[in-house]
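We call the chains A, B and C, going by the order they appear; numbering starts again at 1 in every chain.
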Amino acid sequence: MHIPDGLLSPGIWVGTWAASAAAVGLAARRAQRELDESRVPLLGVMGAFVFAAQMVNFPLGFGSSGHLVGSVLLAVTLGPAPAIVVMTAILLVQALVFQDGGVLALGANVFNMAVAGLLAGYLPWALAGGARLRSIALVVGGFVSVMVSGGLAVAELALSGVAIPPLLAWSAAGLFALNGLLEGLLTLAVVRALAVVQPGAVRTAATAGRTMVALGGAALVLATGLVAIASEAPDVFDSLAERTGIADRARALILTPLAEYRLAWAPDSWWGQAAAGLSGLIVMYAVGVALARIFAKRRSA
Amino acid sequence: MHHLVVDEWSRRPGWLQQRDPRAKLVVLLTYLVCVSTMRELTPPALVALTVPLAAGLVLGKLPVSGVAARAMLVLPFAGPVALAAWLGGRPAQGLSLLVRAFLSAAAVLVVAGATPMPLLLRGLEGLGAPSFLVLVVQFLHRYLFVLSEQAQHMRLAALSRGAGHGRARRRRALWRAAGGALAVLFARSHARAAAIHRAMLARGYRSAIPSLAHMKMGVPDWWLAAAGVILIAGLRTVLALGS
Amino acid sequence: MESLIRVRNLRFRYEDGTSALDGVNFDLYPGETVALLGPNGSGKTTFMLHLNGLLRGEGEVMVCGLPVDKANLEEIRRRVGLLFQDPDEQLFMPTVLEDVAFGPLCQGWNPADAQARALRALSQVGMEGAAGKAPYHLSAGEKRRVALAAVLATEPEVLLLDEPTTYLDPPGQSELLRLLEGLPQAKILVTHDTWFAEAIATRAAFFQRGRIVAEGSVAELRHRFGWAARLLPRACGRD
């Protein structure tokens, strides 16, 4: 999910850099206000923890294994603003030290994973009330964070002009769903274990503000919208250009020629397509919740 | 190990290692922008683009094969994307994507291989990164290997207790064990952070983490920045005009 | 003689209410090296953390004539240097030089002076060549020496040492002993290593359940509480 350099078009990496710089700058300022520099060691060490945690492999069956991404875990233990800073720090180290993800692409990677994915994954927790709902919120949150990050990454690549055949796009979606489920269950497993090892590590959902809810919701909508746009891009931008008269040069900057493909089942109008994208995400959401319920039942059995 | 190798390169006595990190970062960004904006990569363009890389390798006394091998780390991600382009009927695009990813990764390696991490971070801060973020990265990097070793020990301990040889029933136990291991690592990390804070207090820390660094751009640094930017931008313009 | 550290009736409870220190009286005089002995959990380290204000309990704690309270913390922490058990927790900056200069910088020295003091402290422990290195490149013994330099950089009058021989092999321990013997500061040493304590301490205090139950030389206390150099203490379980 870490996009390397050389794949994204200038419009995309400039745009995502601008969005990320603004978001991370705000988060850093907010985190500093909440914590001052005294907690810098804590944030740094927590970042190192996530790195180390990614070395612990969880068996998925069929001989494969996955690992924790950690954005939701960080968000529920540190708070969303500090968590954004920590995830950004992790991505920086991954890009500079391990060549995992590009430097120009950092704007996109940070936006996808540290900002949008994190906030969208935090949203269920921010909304959750009672204790039973909290477990589900963690699983769904983990799932959503991976889906949003992955969806945005694929959308950015498509909008950059990389031709992605529908079959590959849907397989990617399936892979994201699997990893998303892993993330959700892992986050839940760790938080549950933390209740024993370090009670009080997890902040109560009640302290989440309306801003966070709004931002999380925005991240979800954005991801859905971008995926929908990317999958139907030539038509969407054509009709947009007709309606609003965007100059040809602006179009060329944002959109390089794309392969003409359509998702056969999606309806024709722009609103219909966006709705299709959103309903797809909702379906996956529901599947995630259902699976979480099933696993929760098995656990108590 | 990868990061240790790159770290060793950054302590070699090359000309590039002595330069101000801000100059190196500016040249790197110019090169990355240049590569990213190339639509098509003809063989002459490709050769032209490797010249700045070669210069970096020489000036930093960096091993060609080492850098090339490590730049290949992009392939696991860029590969499928190139494959996607090929399956979508645009093989030329796929190949050019791969090459651009490789060149970009090599460029980052040249700079990372010529600049120890603490200096690189100072450079980022000098170019405008929020200092709170840079401080967090600094501490992250400092404790990265300490905690990774801890995680390794826990893995070994778990393995020697029979983990990894599971069937379906054991898998849930493995999950619970791994979740527990992560929680323990989390708690230990927290304890460590608290101890670090105490150590800082004991040495007089109040609210700001002080820094020794005061970087100044010397004449060779300005030369590097100017020459790098002008030559690379010039190269890009020539290539654009030629196509 | 005026005591450098004077503790009267110090009491401290943990957050969950259990008593950690139950009325400790203690004096430290210039030039002394006092070893604090006792079983795990008897309060030795907790006591030491009160001496530079990291923990605050009830009772009287005077350091270099100053009471330990918020107003005096800065000065007290300059005069009292604490060497932690785990050097990785103490060396938290990216390079050795930055770490050793941290104390002087926090005190208010400008970067040039702080750097000079740091280099001086490093040469005191024989590690001036490591100034540009990152801590994870150092061996356990080297880390221990750099940590000591970091503490010495603020020119303290008292040194508090928490299990300083941890992670050190015998040559490392001898090296540390030699270094410490050459330092003029008064020292308080928490240790399980009775060989080390006997080699360096002028006297010792034995902690048990949050109180000092006996004082004397290390050899006397060892004999009295049955602490042979390499066996587990038989004081556990006795009341």
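Here, contacts are C-beta pairs under 8 Å (C-beta built on N, C-alpha and C of every residue); 3 or more make two chains touch, one makes a residue touch a chain.
Keep in mind the model is a prediction, meaning the values are calculated, not measured.
Comparing chain C-alpha centroids with the centroid of the full set of protein C-alpha atoms picks out B as the closest. Comparing mean CA positions across the assembly, the chain most remote from subunit B is C.
Subunit B and subunit C have centres, each the mean of its CA atoms, that are 39 Å apart. Taking the mean of the C-alpha atoms as each chain's centre, subunit A and subunit B sit 22 Å apart.
One simple way to say how far apart two chains are is to compare their mean CA positions; for subunit A and subunit C this gives 47 Å. For subunit C, residues that reach two or more other chains under the stated contact definition are 92. Within subunit A, contacts with two or more other chains are made by residues 41.
Residues of subunit B in contact with two or more other chains: 117, 138-139, 141-142, 146, 192, 196, 200, 205. By the touch criterion stated above, subunit C contacts subunit B in their complex at residues 49, 52, 54, 74, 77-78, 81-82, 84, 86, 88-90, 92-95, 97-98, 101-103, 105-107, 111, 114-115, 134-136, 150-151, 154. Contacts from subunit B toward subunit C in the complex involve residues 7, 116-118, 121, 138-139, 141-142, 145-146, 192, 195-196, 198-206, 210-212, 214.
Residues 2-3, 6, 28-29, 32-33, 35-37, 39, 70-71, 73-74, 77-78, 81, 83-85, 87-90, 93, 97, 99-105, 108-109, 112, 117, 120, 130, 132-133, 135-144, 146-148, 150-152, 154-155, 166, 168, 171, 174-176, 178-187, 189-190, 192-194, 196-197, 200, 205, 207-209 of subunit B are the ones that touch subunit A when the two sit in their complex. The touching residues of subunit A, when paired with subunit B in their complex, are 2-8, 10, 13, 24-25, 28-29, 31-32, 36-49, 51-53, 55-59, 61, 68, 77, 85-86, 88-90, 92-93, 95-100, 102-104, 157, 161-165, 167-168, 185-186, 189-190, 192-194, 196-198, 201, 256, 259, 261.
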